[in-house]
Structures are given as C-alpha cells and as structure tokens.
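Listed below are the structures to be examined.
Two complexes, one shared chain (chain A), two partners (chain B, chain C).
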Partner chain A sequence: MKRIKLLLISTVLMVQGTMAQDAGEILKKMDEVLYSSKDMMGKNRIVLIDKNGKEKIREAIFKQKGNDKRLFRFTKPASQDGISTLSLPNDVMYLYLPSFGKERRISSGVKSQKFAGTDFTYEDMEAKTFVEKYTGTLLGEEGDLLVLELIPKSPKSGYSKLITKVNKEHYYPVYTEYYDKGGNKIKIAKYTFKKIGKYWNSEVIEMTDLKKNHTTKMIMYDVKYDTGLNDDEFTVRKLKQ
Partner chain B sequence: MRHTGAGFGIMILILLFSLTGRAQDEKDKLKLSGQFMTDQRFLLQKPNDWAWNENRLTLKLSKKFADKAKFHSEVWLRNIGLPQYNSMADLYNKGIIDPYNLEIREAYVQLYGFLSKNLDIKIGRQRIAWGTADMLNPTDNLNPYDYEDVLDFGRHRGSDAITLDYYFNADFSLQGVFIPFFQPDNLPVGIFANALIPEYDLPPDIVLDELTDETIRPRYNLAESTTAGTKFRGFAGGIDFSLSYVWGRDGLPFSIYNTFSPNDSLTAINIHSELAFTREHIFGADMATTIGGAGLWAEVAGFLPDHEVIMTNDFSPLFPSLPPVKQDSVVLKKQMYVKFVVGMDYHFANGSYLNFQYLHGYASERGAENLNDYFFITYDMKFFEERLKVMPVAGAFIVSDWKDVNNNYAIIYAPTITYMATDNAEISLSAPLFFGKGNNIFSRLTDYDMLMFRFKYSF
Partner chain C sequence: MEKIAELIIKGRWGIIVAVVAVTVFFGFQLTELKINADIMSSLPDDDPAALLYKDIGKEFGGNDMGMIALETDNIFKTEVLQHVKQITDTLRSIPGVSTVTSLTDILDIRGEEWGIEITRLIDEYDIPDTKEELDKLRERVFAKDMYRGAIVSEDATTTLIIYTTFDDADKQDIAKEIKENITSLNLPEKVYFAGLPMMMNDVSDLIRLDIIKLIPIVVLVIATILWFSFRSVRGIVLPLITSGIAIIWALGLMPLFGYELTIISNNIPIILFAVGSAYTIHVINRINYTFERDKRKAVITALSYIAVPVFLAAITTMIGFVSFIFGAYLLMIKDFGVFTAIGTFFAFILSVTFTPALVVALSGKEKSPKTHDNEENLSTDFLSKHVLTPIQRVLFKHTNYILVAWIILILITIGGIFMIKRSVNMQKYFKKNNPTRVAEDVMQRKFGGSQPVYIVFYGDMQSPEVLQLMIDMEHYMKKNRFVTTAKSVADLISQMNDVMGEGVKVPKEKAKIEQLWFLLEGQDIMTQLVNDDLDKGIIQSRFGSYDSKDMADFVNYIDKFIAEHSNADHRIELTGLPSVYVRMDKSLFDSQMSSLAIALVLLLVIVGLILRSFSRGLYATIPIISTIAILFGFMGYTGISLDVATVLVASVALGIGIDYSIHIITHFNHAMNKHKDIKEAMKETIMMSGKAIIINVLSVAAGFLVLLFSQMVPLQNFGLLVALSMFGSGAGALTLLPAVLILANRKESKKQNTIHQPLKREKNEAHKIIVN
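And then the complex of A and B:
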C-alpha cells in the first residue's frame, strides 16, 4: 500500500514538474508574440465607464521601443493635455506636467497606483516581459485556451497572483484575473487581439475593477510597428517637447 | 545696449530664416488651449471683508513644426483686485472700477537640432524652471519671482531670454542661459502687500509719518543688467542630479541709503529710502531619486553677494546745526549664505499621497542670519474614482528663531477639498489659517484667516 502511495506522489510531482516547465515555455512564447516588434507607436482611446454606465473619454499617443522604453502623452481632455510619462529601464519613470515646465521623477511606490484614473495600475502598464515579471504554473486547458497561474517575482507588486487564459494556437492572452495580497479577486481583463502585419496587437483591453464595478476600455488604433524609432525618442529631452 | 540689440536682431533673423525653411514640413496645426479660473477669497474674521478677486483667462497658443521646431505662448488676461474708486473722477475710469491686466507669461520659439543635432535653442519670453524640489526651489533664480499671491508658492514670471541646451547623450546635458536685461521680482498685492516688508524699529516716541523710496535701476548694458546661467544635468546610478551657476542680480532690493527728515510735527519723521538690487553669484546643486518606493529630492544654493551691502542712515536733516550725522550698518556681508531644501513623497497603496519638505531659507530671505526654517507637509486622499480629493493635512510650520520658538514661529494650516465636476471642471474650497508670532512672512498674516473658492475650467 505504501508503495502505491509513493508511486502516486512521485507521479504527481513529475506531472507538476512537467507543467511548470510547460508554463515557462508558454510565457516565453507569449513574450515572443507580444514583444517581438522592435518598436511600436500609435494612439490610445481610453474609455472610463462607471457603475451607472456613464462614460469619460481620454486620448493619448504612445511610442514604445523594445520592452522597457515607453513614452505616453495625453492629448485629451484639455485638463490633461500634454501630461506625459516616460518609462525607462530599471524602474526609472518621469512625469512631465506642462504647468510646471519641468520633468519630475516618479517614485516606484506609484506602481500600485491607478494610472491616470483608469483601472490599470502603473504596474499593469509596464512593458516588461512575462518571463521577467512572473513565475508561471500551467493549471490546465479550457477548450482552445491554456490556463496559467502567474506569481509576480517582485515583492513590490500589488498582486499575489494572476490567473490568465492564453490562446493555445497564437499564445496571446484573452482573459486575466488579478488577485490582491489577501487572495481576493479584484480585477478582470479581457483582451481582443488583431493581427497587424506580422504582429498580434491588443486592439482592445477591457479592465474591470470588481470592487468598484468600474471598467476601462483601452483601445489602440493607428498602430505602426518597426518604424525605426531610435533611443533619442525616449529621453527627457523628448519628454519636454 | 546697441550691441545687445544687434545681437538679438541677428539671432531672431537666423531663427526666422531657419523656421521658414522648416515650416514646409509642418504637420501639426496651430493649437489653442487654455483655462478659465476664478479665485475668490474672503476673510473669516468679521465683517468678512473680501480678500481676493481674480478672474483669469489663460490662453495658450502653440504650433509644432514636425519635430524640428515649436512656437509656444501663454497669455493671462485678468480681472484682478477689487474696485478702488474714491471720487467721481474715478467713476470715469474703467481701469479703476474694473481692474484688469494683460500679461505675456511666455512667448518663444524653440528649434530642435539647431546648428548641431544635439543642440536646442529657445528664444523669447520663457520660464526656465530649475530644481528638483516641489515648488520651493532655492536654485530656481533665473526668472523673477512673482510674489503677487504669497500663497502661490514658487510662482515666477517669464524672462526674455535665449536658452541653449546641448545634449551629450540621453543622460547628460549642458544648458546655457542669457537674459539681456534685469527684471525685478514683483511684490505681493492686496491684503498680502506688506508680507515681504520687514517691520521698522524706531526710537520710542518717534512716529513715522511718511516713507518714500526710489529704486536705483541697473544700467541697461551687458555689465550691469544681464543675467547668465549654466547648468550641467546628468543621470547616473539611479540619481538625477545637476550643478548650476548663475551670475545675476537679487530680484528684491536692499535699502542702502535712508534719509531721516523732520516733519511739521515734533514727534514724527519722514524717511526717504534709496533701494538697490545687488549683483550676486549663485552656485547650485540638486538631486532626485527613489528609495524604497518613496521619491526623494534635495536642492542647495549658495548665494555669494558681489559686494558687501551697507545701509547708511542719514540723520543730518534732523540736526541741521550739527556736522553730518550718519550711521552705517552692514545689511548683507560679502559671504556665501546657503539655502537648501530636502523632501520626499510617497504614494500609499490606498491611493493617498504624502509630500514633505524641509526648507532652509525662503526665496525672499537674504543673509545667513536671516534664513528661517520651513516644514511643509501635504497629505491627500482620493474618493469616488478620484473625482474628490480631500487634503486634511496641508500647511507649514515655520521657525524664525530656534532659541525662542514660542515667540518666533508661524503655522499655516490650509485644509482643502477639490472636486472634479467634469474632466475639465475643477472646484476647490480651502481655508488657509495663519497662526504665529514674531517677524516672518507668515506670522504677519495672522489677521487674514480666509476661505478660498476656486473654479477652473480647461479647454
């Protein structure tokens, strides 16, 4: 009887080991799909929908190079026109407020804060790869989706875990649940991907804060890939222009 | 002056020529944006006098010429102050009945990659904001201070200037600034008018009847009226830093010659003051970084007066039969005095925000022995999807003499509520309360506890 138990336990451990390995490969493939372009630029329409269905619209332009350089500049509403953020490697982030006429370093403590009143946090907006940010475990499959549990590697993360469902064929996420440090499900994200040229683009991301019953739709349009953006586009000099 | 004017003319011609050529690449449209703001304040003390009336229309006009150049301007059209009519004649004057003014805050052209791809040039009226601290910047000395509203900390006017920025790479740059003529600071108005004027100590039984003054303007030439500055900026080891130097002139004047003369009354006198603006060298350094999720910054500026400032009190007119009676005293030594600020901010997980700064030496204070200590703190919380911001802790504690704090301090407490009625409409209500004793800027405001109402609409 003991032998049977030991055999069962070792089999389970072997299976778990295989699934963990699979999860790592899946994360790599997701990164290849989402971060394979050299650079991208485009426009963002951000629709904030409150629990009564009332909508507010913000617009922005963005540029991104690799997975650690991003410039984001609001164009609407008028009260936020020109407010810009520049994200650089090693958690360096600058905020430019036109009314002050100078850039300002943002503390990394802001990462768990909501980004410009949306349901996305600065952490959600990070362009870091999945492999850099999470340790994954494959939980199983649901139809044509792979279900993964992602544990943030950084202790500064605002989340304890994410459960994400990934398209089995193309390896882009279609649905993610976010859990707070207490293990409570606090947000869900739904993704609509569309292929632009050879890249899969997250055309619409719909993030819902379950506690506040508030949703943010981030719609990307006029997206262009590999336009040859150089590093000079991601400097404080450009941020202030 | 002629040389300066010619230099400017040539520079503008080069700029315009360059801009015209590049305008063919223009993609961006002329953009008009701005803000309407009304700022109304009344005193809490009965009979609740109106303390401030300002209706400001900010108009911003900007145009980008692809990624090569930018024109930007900001104009304030304001109705500010309360009607001050005293006679029938004043009723004919709209400027008195309905005081207004027009102010060009900025109007400049900036060329990117001017002469060299790493060089940017900006010419025209501009705000050159230096320093890493939050509104209280000891190194921010190129533009004149705008003290009009003493509760609007750190406000400056624009200067007519040429600024060159050379970028060695993404992390290091050198800035050079040339301001051809001196523009003094403007003083507080309305109920704040006396905030920056120190109290006079007169002998007992002597009453001041009339105080007149005249300012000695620096000559408008290169040696006398220009201001020049340079700043080396860098980023290394996760720290933003800069080193700066300014050769300029103190924007607030010193009294250098006071003539005491008799009045018709036996116990009253008149004083006539001559005021001068002192040349100075300002050496600055600042840094900003993040540690453990908190933002940290520090800024220091050493002010070295070009010469010792001596104030002469001339009592001769009071004693006409005696030889000249004069008394000299040093009001500013030719020694470096240092102002600095250190600060931090932190965003809490619940969305609240804390900002703390310790400042040694307010902008208007000069001389090592006259620098006071200021502890500023704000803490705000946001509610209803960030539409409502409540700032229960907002204010400052000021000490002007640590040996006798009980009689030399000030406290500003200004709880504030801000509501975003729409994306572009902001309403705020604040109640600045002032407590204190002694001779510092804010202890002079203890009679002016007030309620402030502000409405802003951006377009």
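And then the complex of A and C:
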C-alpha cells in the first residue's frame, strides 16, 4: 500500500517535473520567435476605447534595435506631434517634449504605472524576454494552444500570475490573462500575429482593463525588419529631431 | 353614525378576514422593504446647490471615497509603515475597489538634476527601516502639499489610506468587507473608518439597530400604561394589535411605491405605536363606560359617540405630519411625514372597524365582561382625588392667577426663543461615541475636516487662463482659515512644468500644457479632477468648521471670487457640503415657519368646523400655541438645536396636542347645555374628560420618550420635545383653556344679563382676554 502511494507521488512529481521543463522550453521558443530580428521599424496606431465605446486615436512611428533600444515618436493628434521617448539598456529612458524644446531623462521605478493613458503598464512594455521575466508551468493544452501559467520573477511586479495561451506550432501568444496580487483577474490581452518575411509580427494587441472596462488596441503596420538600423539612430540628439 | 356602527358589527367577520388578508399582503410587501442609508439621496433635487453637489460628487467620485485613518504616536516607524502596506494590500485585493492611495502606494514625481524620476513615495518592497531613511521620508512628506495634511497629519500621528470604488460596485458591501477585513488584522494602532461609504454602512446598521431595539421597548412601555389604565388583557392586546397592523400596512405600502426605509422613517413604528394605540384606547374606553348588558348594543352606542372624536384626533395628527411635505428640506423627512400620516389614518380606520368587530366577535366567549371595574375606579380615583379635583377647585378660586401664571411662564420662555441654535451638521446626528462621529472627529482634528468642497470650472481645461484661474482660486481659498488643502489638475500641470525645469507654475503656452497633459493621462487621479471631454474640472478641497456662520462666510467669500472671475469662457460654480448646509440652514427657518403655518391654518379651519365656531377654534389653539412657545423657549435654554428633525416637533405637537383642547371644549359646551352653569359644567368636564386626557398624554408621551433610546440624536430630541409638548398641551387644556373659557363665559353671561349681545362679541372678548 505504502509503495503504491510512493509510486503515485513520484509519478505525479515526475509529470510535474517534465511539464516544468516543457514550460521553460516553451518560453525560450517564444523568445526566439518574438525577439530574433536584428531591428525593426514601422508605424503604430494606438486606439483607446473607454467604457462607453468612445475612441481616442494616436499615431506614432517607431524604431527598434535588438531588444533594448527603442525610439517612439508620436505623430497624431497634432498636440502630441513630436513627443518622443527613447529607451536604452538598463532601464534608461528619455522623454522629449517639443513644446519645451528639451529632453528629460525619466526613471520609472513604478512598474504597475500605466503608460501614457493606455492599458499597458511600464511592466507590460518592458523590453525583457519571457525567460528573464517569468517562471512558467504548463497547465495543459486547448486544441492547438498550450496553456501556461507564468509567475513573475520580480517581486515588484504588479501581477501575481499570468495565464497565457500559446500557439502550439509557432509559439506566439494568442491570449493572456493578468491576475493582481489579490488573485483577481484584472486584464486580458488578445494578440493577432502575422508573418512578415521570416518573422512573426504582433499586428494587433488588444489589452482590456477589466476593472475599468477600458481597452487599448495597439496596431502595427508598415513594419520592416532588419533594415540595418545604426546605433546612431538611438541617441538623445536623434530624439530631438 | 349608528347605522354605520351597526353595519360594522354585522360585517364583523368580513372585516376581520379582510384585515387579516390585507395584513398578510402587506406583510409580504414588508419583506421587499429595503434600507436606504445613502444620506446624499435625501438631498432635494429642486435645490440647485444640493443637486450640483450630488452630481459633482458622483461624476468625480468624491462621494464614493472611503478613508481609513491610522493613529499612533508617530507614523514614521517601520512597523507602522508595514501596517499601512498591510491595509493597502487588503484594500487592493477587495473586488470593486478601484484605486487605493496611501503612504505605501502614492506616486512621487521628482525633478532631479539628471531628469525626472517617476516613483513611489515609499517603495512598498523596501520600506524604510533605518533612522536616516525614515527621517528622509518625513522630510519629503512635509515638503509637499500633496502629502502634508492630505495623507499625513501635520503632527505626524495619523495617516490616511484612501480608496475609491467603481460606479457599479455595491459601496456599502465593500465598506462592510473592508471594515471586517481590516479589523481582523488586529493592528496595534487606532483604526478609524471615515468618508461617505463608511458612514452609509454605519447608518445602515443604525437603522436595523433602532428597529430591533426600540420596537420591544415601545411595546413594553405602552403595554404597561395600558395595564394601569384598563387592567385587562383585552385592553392591552387590542391597542397593540391595531397599531401593529397599521404599522405593517404603512411600511408594507412603502416598497409598493418604491420607497425605502431611511434613518428617519425607521422610527415610524415607534411613533405609530404611540399615536395609533390611543385611538383604540378611546374606543375600548368608551365601550367599557357604556353600561349595556348586550355587548353588541354597547359597542354600537360607544362607536356612534366615539367615531367622530377619534376621527378628529386622527385628522389633526395627520395634518401635523403632512405639514412636513411643505416644510422639510430633506426628502427622507418628507417621506417620513407622508407615511406616518398614512399610518395614522390606518390606525384610525382599524380602531373604528377592526377593534369593535374583534370586541364583538370575541365577546361570545367572555362571560363576565367587566370584573375589573372596581380596580379601574381605584386607579382613576387616584387621578380624580389628587389631580383633577384640586385642578378644578383652583380653577374657580384663582382663575386670574392661573392665567397670570401661564403668561409669566410664557414670558420667561420667550427669552429662550432668541437663544435657539440651528444645527445642520449631519455629524452631530450621531451620538458622541458612534464610530462614524468619532472617525469624523479625528478627520476634523487631524486633517482639517472631511467636509468636501468642490469648485467647478467649466471651460477648456487645457487653456492657460483656466488653469491659472484655478491656481488663483486655490490661493484665495487657502486664505480662509478653515481650508487647508486644495488640489486640481492645475497643480499637477504646475508640478510637471517644474519637473521639465520651468518652475512650479502653469505654462503660458497651451502647447506646453497639452504635452504635460500627455504625461498625466491615464493616471487614476485625473478622473477625480477633470472630465473626459476636458471641458469641466474641479478643485477638490475640504472645509474644517461645522459652524453655520463660518460656512456662510466661506460661501460668501468664494462667491465673491466667482462673481469677479466667472465669465462665458470659463464659468465657475461652488458646491460641497458647506454650500448644502448653508442652504439647509436657511431652509430650516422657512421650514419651521411654513410647516407651522400650514398646520395652524388647517387646524383652525378643521377645529372651527368641528366646533362650529371660529372663536372656539381659536380658544382650542390657545393651550397648544402656548405650549409651542414654551417648547421653543425650552430648546433655547437647554441648547437643543433646531435641526432637520426637531424643526418638525411644533407641527406634530400641534396636531396631537390640539385633541386635548377639542375634548375640553366639546365636553364643556355639551355640559353647559345640560347644566346651564359654568361651575357645574366645568367640573364635569375636568373630572370626566380630564381623566381621558391624562391617560392619553401619558401614553403618547411615553411612546415618544422611547425615542430617547434611538441611535440618532435628532430623533432623541424629537421624542423628548414631542413628549414635553404633550405634557404642555395636556396641562394647558386642563388649566389655561378652562380659565379662558370661564372668563369668557362669565363676561358673556354678565353682558347677556344686561343687553342682548350679538354673537360676534364673543370673538372680540376672546381676543381681549388673550391679549390681556
């Protein structure tokens, strides 16, 4: 009897063990799919939808090199034209406000802070790989999707866990639920991926804040990969142009 | 009348079945009756100040803001900060809570030499634990208006954790859950719960508590009085059953018409027990006094005599309650007036139909109906010997002295009338040890009050002129000694401007404002300060005094600024609790006057009609008007202020107290016709009606005095004052009124002996007597 129990327990442990391993590998594969291009550039349309369905639209152009250099420049609405941010390695970020004609370095220690009126927090926008950010557990499969539980590695994260569904064949995320520290589901993200050249591109990300009933649609278009962007593109001087 | 009485007796089983059926129906309705603890919903929509306050409070979430105050000797200690974090985490994990602001969860945008640092005031994962860190935190907190006096008290002993909820969330449930969860943390610091949602949760408990606690007491008190009056089970049970049914009907009617039980109307049962049982008492009393062997005949005789006086007593009482509709400021008081009047009507109807029906239906089983007569005579003999006989003796010996004594009493109390204070402060409605009041006192002491003040700006919220005007207004406001904090989007823009290296001020160019705005967008605090369309914004502030004059001065002070600066491009309006209180304060006097005037006019008409003479109608009001004068004097001397509830005492006292005078005058006229002698007539009147009046005064007063056990101070005062008025108008009806009647009749009879006088003279004489 005792032996059977032991056997059972060890089997369960083994299964869990293999699943954990699987999850780690899945995260690695996801990182490969999402962060393998040398650089990318394109345009972004950000649609903010409030609980009454009212929309606000912003447009921006962006350039990115590797994982940790990113330039973001708003073009619309007119009042925000030229507002730019430059993200550099080690959490260094600059902000440029054209009406003031000067840039300021921004340091945000508040990960759960929302980014400029969207439903994305600084944490969501962080240019860090899945492997760096989360510990994963494979919960199971749903059709052609893998269901993963992701626990943030940083204690400063605004989330207690994420449940994400990943395309089994191509390893891009399709759907993610975000849970707060109290265990309540607070946000949902839906992704539409499209292959551009050899890379999978998150054409549309729709993030909904369930508490506020507010949605942000991030639409990427005119995307070009590996155009050979120079490091010079990501300097404070460039930010002001 | 007799025919109706016979019909009632004939259809007694029908009546009983119908009453039971209706009671079952309303009993089911009663289960639908909801408690409405939202005091804001009672502010009248036809008052622009109140309406604006409700709208702005809702639109910008100010009315939904709950606060937890943590008090200790010094909050800048690691363990205290950890407790703040514990509370913050507890709040954040409760569904329906939208935002939480506390020391451990508050944004700190710092302009450093190298740039902007967007961070938290305290890193909740690295709470300061060295003296240096704690000192630095203290320095930082006291350097910024955003924190000092806003979330940390000036003396560093108290800190606030503020939360808001979502529109569709059940604010009371959340408040309850928060209280329970935080209490169960068992923190060593003192914890207080403040703000409207917390108060509403408290009020809801008070409403339940009042009902559970007071109903048994009033039943017991009235049963005791009934025992002493009737000494029979029937004499106790019938009045209680009839008023109980009237209460079920009246309260059952409320949900049918979409009304909810408020902090005032939860006392309808108490009042209806006091008022309503009196009608049945009269009916039973009359049946007992009718010496008929046949119970049926006794009931018919009694009913045909008593139905009219009871109806009159009911109608005058109803007038007192109905006058609230025209006089009261708060909707909940109007509702209370309406449903108490309806309940009074039910009690009357039941007392003249259901009671006699039941008496006859049950009489078959009762073999000897009146074994208690001797005992009753004994107990009322006490009244006759020691109270009524002396009264009627003194009446004739010292008629003038009685009059003079009353006049002196009234003159003394009139002095008190000028000392009457008015109170509109809702905090004072709660008893001193009530948690809501204690919490509000802490808010008052530590954070300069919790009375919300909103200054609303209509215009382009991104225009430099509007934002500058907001800043100017804030400076202007803070010159008032009761205003310590003020915040608006203009402050945030000024701070961001500073962070961009251009100083703490509103930029002159709109483009700069728009770009600074970009940085603020999506912050939780923005929805509390500006609307989505950016054409409306508010300055949020708090006012620290509950004194009516301070509030009126403040409103005038702000209105002056508004008059000078409001224009078509940017309109400014002031609202908030001080504005509402100022309106309420003004309306108190008007309420008192209109409610009293309406009650008085209606009563004069009705009593005039009853007594078939305007002058007798006037006589009838003499005792009660004197009582009201004394009542106001009493309020002045004792410091019981005129508030939303006590403002109604005069009308209620008028409605109930006038009955005693009606009894005396009717009986006296009746006796005069019989005896043709003032002395004899008055003796009979005092000895017979006096008894009924004294028993009635005692039972109604005792019923109202039960309100002294209420959780609400205005209702305690209301009960005390109505009881006092009952004694006053009873005493007036037994001494002052007879004195006036004796003098009036003496003069009249003298004149009638000399010349024939036209009837009109009577009125003139009456006037002279009153004036003298």
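The definition used in the following text is that the second predicted complex is superposed on the first by the 240 of 241 C-alpha atoms of A that agree within 3 Å, B and C clash if a C-alpha of one lies under 4 Å from a C-alpha of the other, contacts with A are read in each partner's own complex, and residues count from 1 in each chain.
The rule is simple: a residue touches a chain if its C-beta (ideal position, glycine included) is under 8 Å from a C-beta of that chain, and two chains touch if they have at least 3 such contacts.
The structure displayed is predicted, hence computed values, not measured ones.
> Chain A superposed: clash or fit between chain B and chain C?
Overlaying the two complexes on chain A (C-alpha atoms) leaves chain C and chain B clashing.
> Touch test for A:Q113: chain B only (first), chain C only (second), both, or neither?
both
> Tell me which partner A:I83 touches in the superposition: chain B (first), chain C (second), both or neither.
second
> Using the touch definition from the top, say if A:D232 reaches chain B (first), chain C (second), both or neither.
Only chain B is touched by A:D232; chain C is not.
> Where does A:R105 make contact in the superposed view: on chain B (first), on chain C (second), on both, or on neither?
In the superposed model, A:R105 contacts both chain B and chain C.
> Touch check for A:Q241: first (chain B), second (chain C), both, or neither?
Once the two structures are laid over each other on A, A:Q241 reaches chain B alone.
> Contacts for A:L97 in the overlay, against chain B (first) and chain C (second): which applies, first, second, both or neither?
Touch partner of A:L97: chain C, not chain B.
> Per the contact definition in the header, classify A:K212: touching chain B only (first), chain C only (second), both, or neither.
both
> Per the definitions at the top, what is the overlap between the chain A residues touching chain B and those touching chain C?
The overlap between the chain B and chain C interfaces on chain A comprises residues 50, 79-80, 100, 102, 104-110, 113-114, 117, 156, 212.
> Show which residues of chain A lie in contact with chain B when the two form their complex.
48, 50, 56, 58, 77-81, 90-92, 100-102, 104-114, 117, 156, 158, 212, 214, 231-232, 234-237, 241
> Flag every residue of chain B that touches chain A in the complex, lowest number first.
33, 67, 70, 110, 112, 120, 127, 129-130, 132, 165, 167, 170, 173, 235, 238, 240, 288-290, 292-295, 297, 345-349, 351, 385-386, 423-424, 426, 456, 458-459
> Would you mind writing out the residues of chain A in touch with chain C in their complex?
Residues of chain A touching chain C: 50, 54, 74, 79-80, 83, 94-95, 97-100, 102, 104-110, 113-118, 155-156, 180-184, 211-212.
> Can you tell me which positions in chain C touch chain A when the two form their complex?
Chain C reaches chain A through residues 89, 92-95, 98, 107, 114-120, 123, 125, 166, 499-502, 509, 511-512, 514-516, 518-519, 521-523, 532.
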